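Quick one: this structure, given as structure tokens, is what I'll be asking you about.
Order as written gives the chain letters A, B and C; numbering starts at 1 within each chain.
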Amino acid sequence: MSMHWYVARRVAWAVVATYLILTITFGLLAVAPGDGQTAFAFEAATEGGDVDEARETFDEITGRDEPLLTRYTNYMVNMATLNWGWSFTRNQSVMDALAAAYPYSLMYAVPATFISIVFGYAIGLYSATHQYTLTDYLGTFTAFFGISVPNFWFGIMLILVFAVDLGWLPSYYQTGRGVWTLANAKQLVLPVVVLSTGAIAGNMRYSRAEALEYVHADFVKTARAKGADDWRVLVRHIFRPALVPLMTILVADILGLLFAGAYITEVVFQIPGLGLLSYKAIIQQDTALVMATTLVPVFIAIVGNLVQDIAYTVLDPRIDYGDR
Amino acid sequence: MTDPLLSIRELRVRFDTDEGVVQAVDGVSFDVERGETVCVVGESGSGKTVACESVTRLIPMPPGEIAGGEILFDGEDLTEASEKRLESIRGGRIAHVFQNPQSALNPVYPIGAQIVEAIRLHRDVSKQAARDRAIDLLDRVGIPEATARVDDYPHEFSGGMKQRVVIAMALAADPDLLVADEPTTALDVTIQAQILRLLRDLQAEFGMSIVFVTHDLGVVAEIADRVVVMYAGRVMETGSVHDVFDRPSHPYTKALLDCLPGQGQSMRPIGGTLPDLKQPPAGCRFHPRCPHATADCRTGTHPELLPVGSGHDAACVYYGPGYDSTVIRGESVSESRAADGGDAVADSDSDHDTTGGDC
Amino acid sequence: MAPDTQSDTGATERFEDVEWDELGGLGFPRRTQALVVATVAYAAAVAYDLFVTDDAVLSGTNWLFVLTLLVGAFFVAWPLAENRRLTAYYWRRFKRNRAAVVSAAYLVVVFVVGTLGPLVLTEPELNILAAYQPPVYLSVDSAVPTTCVGQTADGLCHGTWQYPLGTTSDGKGIAKLVVFGMRVSMQVGLVTMLIVVSIGTAVGTSAAYFSGLVDELLMRYVDIQQTFPTFFLFLIVTYLFKPSLFLLITIFGFLGWGGIARLVRSEALQRREESYIRAAENAGASDGWIIRRHLMPNVSNTVITAATLLIPSFILFEATFAFLGLTDPATPSWGQVIASGRGDLDGAWWIATIPGVFLFFTVLAFNFVGDALRDALDPRSEGDA
């Protein structure tokens, strides 16, 4: 099978997966009790309106009075055309809400991702090539700490020490400061630390385990016998082959760990990114916004998996395209 | 006579493991002259590979450690050399070929790139010039259509072809010494013969010395000028290939030769197993398996290498004062069998454990 | 190999050589009998709870927890007790990792206290008068608690043994909350693991054994399931339906087995090629027999290790959702207590800190134990220390 055919098949697969997931969420929405209706009715009631009328209005707005198939078609068309609905808690379209929130998520998630990959891989490779040294044990222990510490609690402990006790850093994120200011950098330190700790540990464990497979490989000995220096052996003959299996873990790991981690981090530090947006939407029963903010990471996960599989074909000359 | 190209003197290599210190190489000495082929022979675990990889410090350190001795290469003691110096010697002057061609090439780079890397690590040439030389080398080691295949990946070659690529890579910088560690063991018999012939031809063309590590005496007879027989980290016997094959002077060598098929007699495995190198037996390392062992063999240190002929030494007490060496070497292989009723060297009783025998 | 007709007395010693083959639970009349009795009793009790009595004897989660304990007793503890020699061998290998032995001891304590504690203790009660009490031996500015249960000296309120770990903002004893939280964590971790392992093993072995279309369908399904981040799926579901511990266990259990299935499949594919499977096939054994008797026991070590390493992630997920307030507020959980202490970091630092310490060490202990189990049970994976 040629590579083009393989890529085409993977893309088609991603489309199918997206379609399935949208259908499932529609199904969940359809069978779910209450939905946003109750909140809507409650809001109407507190404002002195007619509750039953509010319910009907809600059904009309959301199209709940239509037959199931029509609703399904409308839902899918709206999703496909990025017409993701109206957030009644924020009085803006869901798309606008997402657009306003995502820069805040990127502001700390990008540095955290970068740090976790660089540090995670560096420590992992160092540990693998210096097995059974003190540094290796320290690294392994740090990794255990990183994967075991609950990130929300870690965040709170950091706030307790560095904000409450020492007063060095702010305990909550405040908007309105310029992106490139020192104040903004200071309030991003703790979120970046919290988010990257787990990811560093994960990357370190994987890269150490993968690199260990190669440290004693014959071809690494061949490279040393050729006269390559340690650095060259490490980068070209250990890291580069290890990158192939690492790729498979990398995307899933970053998506899983960082997304779930980011959600918590934003709630703990009150960063108004996608996570906090989603969390507030859940608390305030804003269905359209809940759907959008939870589906975005899902779609990114699908695209990420796609990119990963394609990157795999580029990195590993041995891949058999018929195999997957 | 000029100095030997490589002279290993009393080399000791140990490995620090969880279970204790393993003396993998314990006082090994041998020379390699310019242009000659020396075969280092022994069972698995005899220390032959460790000794040869220690020359350019390829053994993993730690846990490995060169605990003593000298490795004189062209007059320079490599045990004293800096890592930088060794890097320029590895591949530049001493090249290695390893046992398993299937895993000796990095799977993620085309073979051409890997040979080019070897060239450019030691020769200041352009990428294009290195690539041209890589193609030449591939052609020279018998890769058909080298120009077309230079950008293929290792998995696109068969085992024998991969070994040719590895040899081409070893020749990249025109080394003075090629250390080939069981380069034919993982290959089919017909391919083995081709690779051996290739190595012989290349030696004639490039004029390098070869240290050939093997456990296969058939291969030794094929390629060696001189033989070094190792057992449990020590040299048991050394001499020219004719001396060692025609007049084996150490009980272990004789036992090995008895293992060889196609001598008209049935193969005879060596009884017993290799000693534990964490606690090597006192006295001669081979005494627990030796049919001629005396009280002297069981105590003290391992016997020194003693001359038994011109350029032919054996480490056995029977060549010392007070012993009759004819017990060992006076009789031919077949005579010894007849004399001892077929039980001279090997304990071939069916109810005995012969798993250690490496035949 | 293992005759079913062995008499009880002779069986044990002879079977020492059979090792994990007995995991299938068919070779032991005594164990089989006990298993049947236990299954019937369990089913009867659940049926009684469901259909006969109106007020629930146990919650759904508790029933599942009991089932998990039964499965653990019959398929892990009993075989280990029968195969003393093998158990001793594993134990020798396991105890080389000192941290893991300490971790295992800690987990046993958490398990016993968490399982038995809630049975003898009353639920933590609201008591505004006892709010913000510091842990015993510690003190806090007496302005922090409204009233100090212990002694007040030099303007400091000292902790008492009545509330050894202090109290929350609504006066609940943290020590009690920690004990009840142990139960939740153990239930989530163990029950979810049981579901994940059962489905994952069944799917993985089936895919490997039947191969072809069955394999293709199952594995493509796993692909989809693995793509979908369970965290966000649970967010949607918990938003649309009433959140509960049962829902969390169900979602993570029924959607989290993809990794185990893949692992079991690849492991079983390797085993399938081995000669004892071929021999069984040639001897005319049925598919079900081969899967149950030959494939499953031989992948069990891999599964047990992977399962142990999954438990901490389930515990962390539960704590996270409890922290976010997206689980049943009536179930006292470590995450919930941490969340409640978040606003009081200034004065009552211990509320958020103490349950987190327990959570952290529980997760850490499972990771240590899982790591040591991998080394002990699988000699091939020596690389990852």
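Please note the rule applied: a residue touches a chain if its C-beta (ideal position, glycine included) is under 8 Å from a C-beta of that chain, and two chains touch if they have at least 3 such contacts.
Composition by chain, UniProt nomenclature: A, C = ABC transporter permease subunit; B = Nickel import system ATP-binding protein NikD.
Worth saying up front: this structure is predicted, and the values here are computed from it rather than measured.
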{"item": "Pairwise touch network: line, ring, star, complete, or other", "value": "line"}
{"item": "Pair sharing more residue contacts (C-beta pairs) when A-C is set against A-B", "value": "A-C"}
{"item": "Relative to chain A, chain with the most remote C-alpha centre", "value": "B"}
{"item": "Separation of chain A from chain B, taking each centre as the mean of its C-alpha atoms, in whole Å", "value": "54"}
{"item": "Separation of chain A from chain C, taking each centre as the mean of its C-alpha atoms, in whole Å", "value": "26"}
{"item": "Chain C-facing residues of chain A, complex", "value": "13, 17, 20-21, 25, 28-29, 32-33, 35, 131, 140, 144-145, 147-150, 152-153, 156-157, 159-160, 164, 171, 205, 208-209, 212-213, 252, 255-256, 259-260, 263-264, 267-268, 278-279, 282-283, 287, 290-291, 294-295, 297-298, 301-302, 305"}
{"item": "Sites on chain C touched by chain A in the complex", "value": "223-224, 226-229, 231-233, 235-241, 312, 316, 319-320, 323-326, 335, 338, 341-342, 345-346, 349, 352-353, 356, 359-360, 363-364, 367-368, 383-385"}
{"item": "In the complex with chain A, residue positions of chain B that touch it", "value": "56, 58, 60, 62-63, 83-84, 87-92, 95-96, 98-100, 103-109, 117-118, 121-122, 153, 155, 166, 169-170, 172-173"}
{"item": "Interfacial residue positions of chain A with respect to chain B in the complex", "value": "132, 216-219, 221-230, 236-237, 240-241, 244, 315-318"}
